[in-house]
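For reference, the structure discussed in these notes is given below.
In this document, chain identifiers A, B and C correspond to the written order of the chains, with residue numbering beginning at 1 in each.
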Amino acid sequence: MDTCKNVLSLSPANNQSDAYDWIIVGGGLVGASIAYGLIQKQPHLRILVLDGSDMDHRASVGNFGLIWVQGKGHNFPAYANWSLQGADLWPQFAHQLSHQSQMDLAYQRLGGLEFALNQRQLNVLSEEMAAMAHHTHGAFKYSVLDREAALALQPGLGPSVVGAVYSPQDGQVNPLSLLSALHKAMQLCGVAYQACRKVDKIEVSAQGFNAAGFIAKKIVLCAGLDNQRLGKQLGMHLPVMPIKGQLLITERTAENTLTYACPQLRQTAEGTIQIGGSHEHTGLDDSCSLEVMHAMAQEAVALLPSLADLKLVRSWGALRVMSPDGAPIYQQSPSYSGAFGVCCHSGVSLAAAHAGPLSNWLLNSLDAKQKILIEAMNNDRFPV
Amino acid sequence: MHKIYDYLVIGAGPAGMAASIEASKAGLSVLVLDQAASAGGQIYRNLAQASDQQTKLLGPDYVAGKPLLARFMAANCDYQPLVQVWHIETHEHGFAVAAMLHGKSITFITSHLLLANGAMERPMAIAGWHKPGVMTAGAGQVLLKSSALLPKQVVLAGSGPLLLLLAQQYRAAGVTIMAFLDTTPGVNYWQAMPWLVAGLTTPKQLFKGLWLTLAQRIKGPYISGVSHLEVMGNEQVSGVRYTVAGRVYELECKLLMLHQGLVAETQMAQLLGCTQAWNETQQCWQTQADAAGQTSVSGVQVVGDAGHIGGADLAQLQGRVAGINRAKNASLTGSWLSNRVNLGLLFRLKHLRWARGLVDRLYRPAAWLFKPTGSTIVCRCEQVSAATISAIADGGCAGVNQLKRFTRAGMGACQGRQCGPNLAYLVAHAQQRSVSEVEPLSVRPPLSPISLGQLAKRPRL
Amino acid sequence: MTDSLFRHGLEDAPQCVLIVNGVEHQVPMQSSVAAALHYLGYLATRAHPVSGEPRAPFCHMGVCFECLVSIDGQPQQRACLTQVMPNMSIDQVGVGTY
């Protein structure tokens, strides 16, 4: 049902017939970070972000809020280095974005913990950490904690917790504030934004790329799961599939229960506690299921028994945009040099990297070493 | 092994009771789940326990529910009060309904669902409505029916038959009504006039309505044409400021009851994926359903005020029709006679719905109510103002769900029940779209709070 | 707690003990906890977690969530959906919790 027929453009943009320099397809964390990054580097650029409708699938709104390094790229050196670089760019990025948007992102970099409920889990995690350290030539720091050491960092752990891995380089942020701040800042800097403009077909002509009636010489696909379909139209193979993640969110609690970033449990700046961790293959169904909610609650209470009395206020399900090996895809179209595709499931963790070096890559203004790193994450690694 | 019910009815108001009576009569296994301690819904709340003194106070329409209540209590169906449904999902045998009962989560399985969970007051966001001392007219009725509690002095403000009824009940009980501030816009009387014909076909209801209206005007103090309302006070209500014909008045008071009609509670239907449509006359989102209550989702019916606001008689009739149809689908009835009866019921149903058109138009909320501004709190749970929401809406966000993420409006305990419609109005207004184009807030479990510990202990299916 | 803005409508209604913030009171037995609190003179039920301002029940039917109090040690219960029971203990929550 096309319910957005009459949405008017209310951002400081021109009317439909003018051409843009860049069209970004997708207004989620990836699209907004890139639009923001591009306009910081070249303020005179005319950039248009085309966003979907209110009820479209959006991975950005199911994000846990972690700026996570540990484990990301444990079997992919370029990704490991990229993740670490991204996390290191975050403090400066947060400061600048916060200032421009006048919004508090609740950004923190106090380190991250992942808990293990049995020894096998702990062993797997330790191996992943070791691999990360190896790929980054020791730049990635971590410790493997036994139960006692884990308790010292996180009191109140349940009896079945055997230990955890810790990295000081992990952090957290409010992902919805991040998206809101990016939208606000990019529009303040002159980026045009149009919601309810789902792109069905991209036409290529001498004038450039025509998407939803708008034309630009350069186009970046940041449409999440829809990138696969749109990529084909521009000669790009962008293999992504949906992996559902469910979240549980509790009421606010005044107590400071959790300090560190953690993919299993996270306390937000508002005081609510988020519980995450499901990975399900359910196609495009992002509904919440009894079985998974039950399992997540069980794990949460096993990790931290004091959570048992907290009321669950809402749940969420979102579809991660997952490539075959879980690492991002950064692709320039072999058929059209002005067309790019960007796919990842870590829109928060990589927001600073996307606003920074990745935007430079799109503008073709970075050093060779950085270029090689980014291009190691193109689709050559996938069989067609 | 879980028992698989043929019919699971959520809500023991007139619609739910009527449906369960029909379905159990036809031999189906029926389970009725209800939130209250006893059956009756909102209109017949606490009817079984009400004393003679209470029923006299509440009026003849309240007592009229007794026969239905008696038939329900005698019916051969399982009835579980004090239950809070927190999730519904599809199941291999139909649907799984997860509910909290005595602090434990229980799952019920059914092949067919009937949503008869009723309506709630339209949230009316005026400046200061969040302060202690402001409540809905419906709250006044709940306090009266369930707890026999009366205000000593009160100001009633708003528009609609429920407010007039409450005024009548309060007068009978000796409550001081300091003022009845009627916000019904003058233009409504003109727009409703053609519908007088419809009203005349249900003469009893029409004259009752007329009498209630006249009574308030005669007994007073009654002020009509109120075009603006604001609540005064800091930590609690100290008074109300209102505008009539361009002049501003202030009235000291400590209790204010507001009313602007009812809106359907669509959370469960939305969770199940039933198609919603914007009802322009009743100004709310409603689950699309046919005369038998069948929604867009196979196996799910919706009846009564949960579907379309129509009052107790219509709800009871719809419940009956839905129950008969459920039995028919189960091939347990379907004789020539019952088909004739069914046609008769359907005709009455259509008639009552049509006749309702008068009330709908007469008491349609004034336009100014849909445009809260400035520091007026729109999302009570997260304390988000109209100004904050309008600013984001002006930025061209895609709709209320995007807006929710950017402002936290709709993320609190009530999960958008008290702010959803107003968010939609603000987005529509800022973006010059019609409200019918703005999709409602998405619904996720839990529909009712459940603790992590309770969820962790829930028995597996 | 102040003079109540409400009164009970029935004569000789049976009463029972309700403990509010540690203090024993007599309230009508057939009553929701929210109604009993109003009867005793408590208008506000809680402090709002964001603003800290006092909030009172708005709907009395379970959809506004303003009536959240601790009942017999269980936090964040909706007072309007709970019936009074003899010797039930009600505690109002302060700033910072929901």
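Note that in this section a contact is a pair of C-beta atoms (placed from the backbone, for glycine too) under 8 Å apart; a residue touches a chain by one contact, two chains touch by 3 or more.
Everything quoted here is computed from the prediction, not taken from an experiment.
Among the chains in view, B has its Cα centre nearest the centre of the complete protein Cα set.
Two chain pairs, A-C and A-B, are weighed by contacting C-beta pairs, with A-B ahead. Per-chain CA centroids place chain B at a distance of 24 Å from chain C. In terms of their C-alpha centroids, the spacing between chain A and chain C amounts to 44 Å.
Mean C-alpha position of chain A lies 40 Å from that of chain B.
Counting partner chains per residue, chain B shows two or more touched chains at residues 412-413, 449. Of all residues in chain C, those touching 2 or more other chains are 74, 76, 98, listed in ascending order. Residues of chain A in contact with two or more other chains: 251, 309, 311, 313.
Chain B makes touch with chain A in their complex at residues 87, 89, 96, 98, 107, 392, 394-402, 405-406, 408, 411-413, 415, 430-434, 437-439, 442, 444-446, 449-453, 455-456, 458, 460-461. For chain C in complex with chain B, the residues that touch the partner chain are 4-11, 13, 28, 30-32, 35-36, 38-39, 43-44, 48, 50-51, 53-66, 68, 74, 76, 80-81, 83, 98. Of all residues in chain C, only 49, 74-76, 95-98 touch chain A in the complex they form. Against chain C, the residues of chain B that register as touching in their complex are 35, 37, 42, 49, 51, 53-54, 57, 84, 103, 120-121, 130-136, 138-139, 142-144, 146-153, 173, 235-236, 254-255, 265, 380-383, 412-414, 417-418, 448-449. Taken together, the chain A residues at the contact with chain C in this complex read 251-254, 271, 309, 311, 313.
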